[in-house]
Amino acid sequence: MKKLSARRRHPLAALVVLLLALACTGGLYAAFAPASKAQADETAQSLAIDEGKKLYAVGCASCHGTGGQGTTDGPSLVGVGAAAVDFQVGTGRMPAQQPGAQVPRKKVIYSQAEIDQLAAYIASLGAGPAVPTKEQYGPQGADIANGGALFRNNCAQCHNFTGKGGALTHGKYAPGLEGVDPKHIYEAMQTGPQNMPSFPDQTLSEQNKKDIIAYLNAVNGEDTESPGGLSLGGLGPVSEGLFAWLFGLGGLIVVAVWVAARTAKAKKS
Amino acid sequence: MSSHQIPEENLPAEQEAPHGAVRVADEENPFADPGLPPHEPRVQDIDERAAKRSERTVALLFTVSMLATVGFIASFVTIPHDKSIFVFPLGHLNAMNFALGLTLGVALFTIGAGAVHWARTLMSDEEIADERHPIEASPEVRAKVHADFKQGAKESVIGRRKLIRNTMLGALTLVPLSGVVLLRDLGPLPGTKLRHTMWSKGKLLVNMNTNQPIRPSDVVVGSLSFAMPEGMSEHDENFQSEIAKAALMIVRLQPGDIKDKRELEWSHEGIVAYSKICTHVGCPISLYEQQTHHALCPCHQSTFDLSDGARVIFGPAGHALPQLRIGVNDEGYLEALGDFDEPVGPAFWERG
Amino acid sequence: MSTAPSTEARSRGKSPAGERVADWADGRLGIYSLAKANMRKIFPDHWSFMLGEVCMYSFIIIILTGVYLTLFFHPSMNEVTYHGSYVPMQGQLMSEAYASTLDISFDIRGGLLIRQIHHWAALIFLAGMFVHMMRVFFTGAFRKPREVNWLFGFLLFVLGMFTGFTGYSLPDDLLSGTGVRFTQGAILSVPIVGTYISMFLFGGEFPGHDFVARFYSIHILLLPGIMLGLMVAHLILVFYHKHTQFAGPGKTNKNVVGMPLMPVYMAKAGGFFFLVFGVIAAIAGIVTINPIWGIGPYRPDQVGTGAQPDWYMGFAEGLVRAMPGWEVNFWGHTLVLGVFIPLVVFGLFLAVIALYPFIESWVTGDKREHHILDRPRNAPTRTAVGVAWITGYLITLIGGGNDIVATHFHLSINAVTWFVRIGFFLGPVLAFVVTKRICLGLQRRDKEKVLHGREAGIIKRLPHGEFIEVHEPLSQEQLHTLTAHEQYRPVEIGPTVDENGVERKPAVTEKLRAKMSNAYFGEDSQIPKPTVEEYKEITSGHGHH
């Protein structure tokens, strides 16, 4: 359990985040750079859709059907929107590797540019939520405390008080939220991936989502302080009880053995 | 529980020899107790230099304790109470808590370590045998106590004056009742409080995130939202007790997916409203899996199938989640068509 | 008055100040006769005898830190808006209890440390009591004359659980509030009086405005008061009975061998207090416990997953989680078996271990005092019962954290629950059988060692080529230690015809006792310890080694 919490404090964690951030920025740049060239806008868009269609045919069609209509192996993608694609592919969940209770988060195998192309193609199949912009999930103007209240009302029941994750039925689980890109958190709330229910803007407004993301960053972010010391994975009484037994009572028993042990006798000679 | 029915010879075997007697081992009995082994000296007992080393160790430990206490006070005075530091394997933590904990820990631990080291190396370690005496009194004492008691009881005449005895017992039995009566005002009688909630006909469903009434179009398939009755506010005197009964969980299913007939009737275009309070022991249950339509309770894992009248499909809950009958008012907002028709939350004796 | 001159002489002399103070106190309190009996009291040395001290010291630590916490904690459920220094809570509505706990954690210097010491010490206190109780159980230290003290200890454990629970609920945070809600739901399940008890305890409907204040007086006054009294009684009895000891050379049922209280145990036990306090303080400085700021204020319509109680309530939680949802409706009433049965089993499960000493003493019919401890292997049935009990306890404990187990070992929560459901019945039986086998095996090995000596690890080649391992005979001390235990013979049903030739029908209890006695001490339940004759026959003449 120590490991778990230590992992995000790992010296390499910062590096990983940095690389991720670089990759994201690069990807965003790649996505937006052509768009800024005004004239080529529409052409670029249709180009992206074409590219996305090719990628789709290779990587996705076997489960989701050639036109995104869905098969027995995968749901229909018509109308899921670009946000869903960006979330699923951007967190490595798609393409799925093997059937199981739940598709886990994995290494991302597509570049952000490719993901955007895929997203553009899927979005062209039917209207759905678009990929949020940085203004939507960024920290500016967010109310952390209100985000906490919203998080406890809408999210904590599955993801734990501070987003450490938890169990669902039959091997499914709500994943931990540490180290998840704010964009992906936003998209998850918007689209409701897998068994997670969606929280559309009508019932959880854009501002609400922003607040929640800011709260998560405050209590479960990279530099979140754990004032009392080692957080034991933030799992609550189970890990605390284990620690009390192993290191608390265990340590005291070691001390007791020393207190009660016989002092070494002088060698008989 | 006594053994008087069982003849003596069937009782467990006693040790052949009187229990616990110290005997010298001999040819007759190689298992006999050889007695306490002779005391062997420690290094410190025979080597003054070793003893000196021990003394210095103990003194050093006590000195470390003093220094740690000074460190504790210094930390308390100098460290800003909201300062955060990064300590390698532990992460970001409060500097003052860390400093105070460690200095206090060291200050206390070294006192203990010093005392124990002192006892272990410098105090006599010769083992001493102390005699035990039976806990029960000798027959004479026993007889004396019994006689004294009888004498006392006789002098009190309690055996003869039955009227005194009986009225005294009566008085002593009754007097604690006043204490019990005094506890009456700890709380009200249950009445029908557990049967009613704030919901009633025409009350709008108010989204708890946005504090706005909900339109059917706001609730999409696969989404999850929570509602409270209109007119309720977090600042209300009884908000906590009321929301503990009124909390509502709203999901939308494809009408074709709804297996329970009544559920379909009480829904609006596939929008169903269920009590958020688990029927097991009352945890808020809202771990909704949108693909399976299962709702799981995080406390004891009761699982309810929201597409089938919220019946229990796993876990310790004894009955389905109560459903609130909903409709749409003239302005197009979701409203309740009445209170829950059964008590929400945990079951109880009078529930029926 | 006849002693006056001597007293005068004693205090007027040039005796040191300390002695004069002691004389003064003795004249009023009679401390000398107390000291005479106790100052050089002998305590045997063994690490497991210090487990009780771990408990006592952590209890003292809890009281000390608890008093500090009462200075800052506001046991009130009045609603306030938070304006303290913890940013993610600013502006939130919460009870005064929760707000003052945040203040203790963030705005009072050292408050967080004391809070964490208090909570860590509580977890260690309960864990210590559990292990201490098991030590007493497995060594048979509960036998006459210590049965009453066993019950005192048991009561301390149970009261400790409830004191812990009420204290844990005080901050009125979302996690502990969920635990209180569970308690209220469980109370509601009690037939006939459940709703009344609930209304009276909470001053109306849950959560109401009263429970923090009520739990507060229970937590800081009622329960600790009783516990303090019990603990003092427990200690007095330990002094009065004198400590038990393991068998060994010079150690008999009529003596106690060890070091005197003054000075060795003054230093060791006194020092141990500081060691325990030091370890707990250091833990509280390094490791966080119950970070209520991350959990949020209690709202009965909110919850977080991973909702568990502190470990000592975990087995009750496990019983509730594993129970199927049985509910019976009849004549307008509901019997909530799904909650009520675990509630009853919770009590029965604890009662089993509390009453065990009386069951065992009834089976053995033994009325003697026992001051020499059993090695667990030498009481196979008792040891097996104990291990079976612990197994049941552990399995339900796992059930209490089934969601954490599921996520961390990538299992289905339903599978874990089914494991607990089956394991609760099967596990103890298996544990019983296996433990008994192991005990008998160890007894056989002891017997082997006594009769044939210790394996020396030296291989010898005999003139005709055979290899043998040399066995060294045991020393007198070892021989004694390994054969010092008593072995009971199974009780039989007495003659069915009495001395007058009248037929007597053995009572049911008598038959039951004979049966149980046979299960305890029959041929399959213990290995007869080596006799002197066996030993002599093997060691004499053959000259094998």
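As written, the chains take the letters A, B and C, and residue 1 is the first residue of each chain.
As a convention for this text, a residue touches a chain if its C-beta (ideal position, glycine included) is under 8 Å from a C-beta of that chain, and two chains touch if they have at least 3 such contacts.
Remember, predicted model here, so these are calculated numbers, not experimental data.
**Student:** Looking only at C-beta pairs in contact, point me to the busier pair out of A-C and B-C.
**Tutor:** The comparison resolves to B-C.
**Student:** Can you name the chain whose C-alpha mean lies closest to the mean of all the C-alpha atoms?
**Tutor:** Most central by this criterion: B.
**Student:** Nearest whole angstrom, what separates the Cα centre of chain A from the Cα centre of chain B?
**Tutor:** Once rounded, the distance between the two centres reads 34 Å.
**Student:** How far is the middle of chain A from the middle of chain C, if each middle is the mean of its Cα atoms, in Å?
**Tutor:** The computed centroid separation for chain A versus chain C comes out at 43 Å.
**Student:** Measuring centre to centre with CA averages, how many angstrom lie between chain B and chain C?
**Tutor:** 15
**Student:** Mark out which residues of chain B touch at least two other chains, giving numbers and ranges.
**Tutor:** As it turns out, chain B has residues touching two or more other chains at 90, 93-94, 97-98, 101, 116, 120, 125, 226, 284-287, 298, 301, 314.
**Student:** What residues in chain C touch two or more of the other chains?
**Tutor:** Residues 106, 112, 116, 268, 271-272, 275-276, 279-280, 283-286, 288, 299, 301-307, 402-403, 413-414.
**Student:** Show the residues in chain A shared as contacts by 2 or more other chains, in ascending order.
**Tutor:** Correct list: 153, 157-158, 166, 168-169, 174, 226-231, 259, 261-262.
**Student:** Residue numbers of chain C touching chain A in their complex, please.
**Tutor:** Contacts found on chain C: 45-51, 53-54, 87-92, 105-106, 112, 116, 120, 123-124, 127-128, 131, 174-175, 268, 271-272, 275-276, 279-280, 283-291, 293-296, 299, 301-312, 314, 401-404, 406-407, 410-415.
**Student:** Show which residues of chain B lie in contact with chain C when the two form their complex.
**Tutor:** Residues in contact with chain C: 1, 3, 5-7, 10-15, 19-22, 25, 28-37, 76, 81-82, 90, 93-94, 96-102, 104-116, 118-120, 123-125, 127-132, 134-136, 183, 186-190, 193-194, 226, 228, 234-235, 240-241, 243-245, 247, 276-277, 280-287, 298-302, 312, 314-319, 345-352.
**Student:** For the complex, give me every residue of chain A touching chain C.
**Tutor:** Counting only chain A, the residues touching chain C are 101, 144-149, 152-153, 156-162, 164-171, 173-174, 215, 218-219, 226-232, 234-245, 247-249, 251-253, 255-257, 259-262.
**Student:** Touching residues of chain A toward chain B in the complex: what are they?
**Tutor:** Those residues of chain A that touch chain B are 2, 5-6, 9, 150, 153-154, 157-158, 166, 168-169, 172, 174, 192, 194-200, 202-205, 208, 223-231, 258-259, 261-266, 268.
**Student:** Give the list of chain B residues in touch with chain A in this complex.
**Tutor:** 40-47, 84, 89-94, 97-98, 101, 116, 120-121, 125, 207-210, 214-215, 217-220, 222-226, 251, 284-292, 294, 296, 298, 301, 303, 314
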